[in-house]
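Pasting the structures here.
Shared between the two complexes below is subunit A, which has subunit B as its partner in the first and subunit C in the second.
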Partner chain A sequence: MLEIKQKARELLESGKAQVVIGYGKGPNNTTRAIFVRKPEDADKLVLDDTCVQNLALYIYKHEVRHFGKEAVVATLPVLRSLLQLASENQVKDNEIIAIAITPDNKVVELDSFAAIEEHVRLFNTGLTEDEKDLLKKINAMGLEERWAFWNKEFSKCIKCYACRQSCPMCYCPRCAAEVNQPQWIPVAAHQHGNIEWHIMRAMHLAGRCINCGDCARACPVDIPLNLLTYNLIEELNNEFKYTAGLSASQTYVLSTWKLEDKETFIR
Partner chain B sequence: MVFRHLLGFSGVDLRRITFSWVSAAEGAKWADIVNSTSETIKKLGPYDSYHAVAGLKEKEAEYVGN
Partner chain C sequence: MDTENKLLKKASLQKLIEKLNADGKKILAPVIKGKRVEFGLITSSDQMADDYIVTNQSVKSVAFPKFEKLFSYEVTKEGITQADTGYSTFPEFVILGARPCDANALGSIGAIFNWDYHDKLYFDRLEKTTMISTSCSKCDDYCFCTSAGGHPGSTKGSDIQLTRLETGDYFAEILTEKGKKLTSVSPDLFETAPSVDKSKYLAEVPVKFKVDEAVAKVKTVFENELWLDQSLRCIGCGACAFVCPTCACFDIQDETKGKNGIRLRCWDSCGLSLFTLHTSGHNPREVQSQRWRQRIMHKFAYMPERQNVTGCVGCGRCSRACPVDMNIMEHLINIVEVK
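On to the complex of A and B.
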């Protein structure tokens, strides 16, 4: 943690970065995102197990870009988000410095996508066994039971859109959910609209979600939204051997045709 | 494939959904697919679990007065 502070101070003092996005103390023993702009403020940075938010959410916000060159304290989901955003042309190479931790707890400075790609390869990026077990549980349910399960979960939704706001991949300036001419998605938090919203949100993350889990953590009524994205991650891995956020140059899986693609769903 | 799987995972009855690729020159294939799909759905009967949810929408429309 001390090294993170030192690294942040170094970057700010040398002028290599004008802002360091990192975790700082929030109220009630929580951590929150902080934006450090002065070298002496680098001491406010913390990094522990409570630092779970995906900070990649902030890197492309114009309010943050306005500060100048950015550096970000990067956990694995942040790095993978960066690569995914890069493959979608949302960030440029050498635009952002990532302050990352190696598996043996050393602080490294990654200033290019190539360096981030290499770093990400050191980690396991698949679903964990626990996550796979949760999926199996849902898949083992009968049709009626599964419908009832999701209906119960979605009925809690109050359409606050926190899942969308917390997601680094949801960066459209105008969300389809807010288009009202024509109104694709009902605005009111009734069951019909809730189902539509959640299926649409999940589908827009197919092949893009890097499994940071922020949607489920942001949900004020605890809908297990990450189950939907686990399912998509697993499906894309099985069908297309594809994992999002591993390379800055990979093309979007659902808009790319490959010779080895199965076409079993078409008859 | 991915969307179909997502619908299935969310508890939607996949027997009621058909995806197909039909060229403008394949009229007979189109007719076949529409016929077989509607036949399957007729056999399955009304989709009550969905109507129960869609009905809520109508009720709410009454409530807000539009």
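On to the complex of A and C.
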């Protein structure tokens, strides 16, 4: 933790960065994102197990970008998000400084996509055993049971879009859910509107979701909606040996065609 | 009417629920749903959640649901025929166990829905609803009703208020004619009350600021860098507004099929970036700090000015639900402290 503070202070003092996006503490001992702009405030930074929010979405927030060069305290999901955003041309190389931690707990400064790619390779990026278990449970249900399960979950949705807003990969200035000419998705949070919203959200994140879990954590009514995208991670892995957020230059699996692609799913 | 104090024994509450159910009334009470506590239909007192501060979502949806049909229409050769959503289709609800802040909040929404236009749907639904609140014996670090003009035993907006005694029985304050009418389904369940010092049973919610002070200060800080500082981490969703018992913004939507259609209103939030987007492409609230300012301004400057009520009852729900720990109480304290 001390090293993170030092690194942040150094970056701000030297002028290499004008803002460090990291984690700090709120009044009820909560953990929250903070935006350090003065070297003396670097002491407010913390890094512990409660630092789970995916901070990558702040790098393109207008007001944050406005401060100048950004550095971000980058856990694995943040690094993977940066690579995914890079592959979608949302960040440029050398534009962001990532302050990352090595598996043996050393603080490193990663200022290029190549360095981030190399760093990410040091970690296990597959689904955790718990996540796999959950998926197994859901997939063990019959089609009707699964449909009933999701319908029940979706009926709770109040269309607050906290899931979308918390996801770094949901950066469209106008979400398909809000396009009204033509209207693709009914706005009302009724059954039909909710099902279409969730299918659309999951499909738009297929092969782009890096499995940070923020969408589900953000949901005020506890819909486990990250399971939908996890399932798609598994499928794309099985079908195309493709995982999002591991490379800044990979092309999006669902919009490219390769000779060796399996076609067994076309029946 | 003058308040009548009664004693409602624990076993009598169950009998009351049965009577009301038999009478065709739907009873909405806090029930445990996974990790959350939400209002749900009950038929027995043991379905009610016992140990909770406030429900995760507010009670507002009873009169202002997340979406609702305003009317249906049909396009014919002769023109457009329209059918209203009728009063008669609304069920009679008894809310059992809302907190005083929630009961109070329905009045704040009412002030909006009765400002330049009397919103018949809202008031029709409310008219068919009887509010039995329960006073708070516990609070958490997010509660600040005492800084927002309320308190844990406030009876504002309630028809009946119950306060639980050591015995598990309830001290019942019958506050309105509607409350009295409800007790008349079974008057014998409401027994003579012993003399009770209600304050003994109430949570102590620390006062963080005076509501008048906040209202006076908010008006003076429209141009201030604190909005940016506070809202840097805000991701611009609708969670705070949708769980809030006093947020009343909505969006009008038509859903059509052939020549038939319905017009709906759906919850909306000033935190969402498209909320104020004009057709021209211009957005007067371009960045999140302006949207955050609007949220506070509406509740603490515009509503006191226009409707003579504050738009916040201090329930703390928005802070608990916010995915990025925006804490309204902390932010209001910052505002009050501006020199």
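For the reader, a short list of remarks on this structure follows.
Operating definition for what follows: the second predicted complex is superposed on the first by the 265 of 267 C-alpha atoms of A that agree within 3 Å, B and C clash if a C-alpha of one lies under 4 Å from a C-alpha of the other, contacts with A are read in each partner's own complex, and residues count from 1 in each chain.
Keep this in mind: a contact is a pair of C-beta atoms (placed from the backbone, for glycine too) under 8 Å apart; a residue touches a chain by one contact, two chains touch by 3 or more.
Since the model is a prediction, treat every value here as computed from it, not as a measurement.
Judged by the touch definition given at the top, the superposed model places A:V64 against subunit C, while subunit B stays out of reach.
In the superposition on chain A, A:H190 makes contact with both subunit B and subunit C.
Residue contacts after overlaying the shared chain place A:M169 against neither subunit B nor subunit C. Look at A:L232: by the touch rule set out above, it reaches subunit B but stays clear of subunit C. When both complexes are overlaid on chain A, the residue A:E144 reaches subunit B alone and has no touch with subunit C. With both structures placed on the common chain, the touch criterion links A:F35 to subunit C but leaves subunit B unconnected.
Contact with subunit C, but none with subunit B, is seen for A:C160 once the two complexes are overlaid on the shared chain. Of the two partner chains placed around the shared chain by superposition, subunit C is the only one that A:A218 touches, whereas subunit B remains out of contact.
Shared contact residues on subunit A (touching subunit B in one structure, subunit C in the other): 186, 188, 190, 193. Subunit A meets subunit B in the complex at residues 138-139, 141, 143-151, 186, 188, 190-193, 195, 198-199, 202-203, 206-207, 228, 231-232, 235-236, 239, 254, 262, 264-267.
Residue ranges on subunit B touching subunit A, taken from their complex, read 1-7, 9-13, 19-21, 33, 49, 53-54, 56-57, 60, 64. Contacts from subunit C toward subunit A in the complex involve residues 34-36, 56-57, 66-67, 141-142, 228, 231-233, 235-239, 241-243, 251, 253, 255, 264, 266-267, 269, 272-274, 286-289, 321, 323-325, 327, 330.
For subunit A in complex with subunit C, the residues that touch the partner chain are 26-28, 30-35, 53, 57-58, 61-64, 158-162, 164-166, 173-174, 178, 186-190, 193, 214, 217-218, 220-222.
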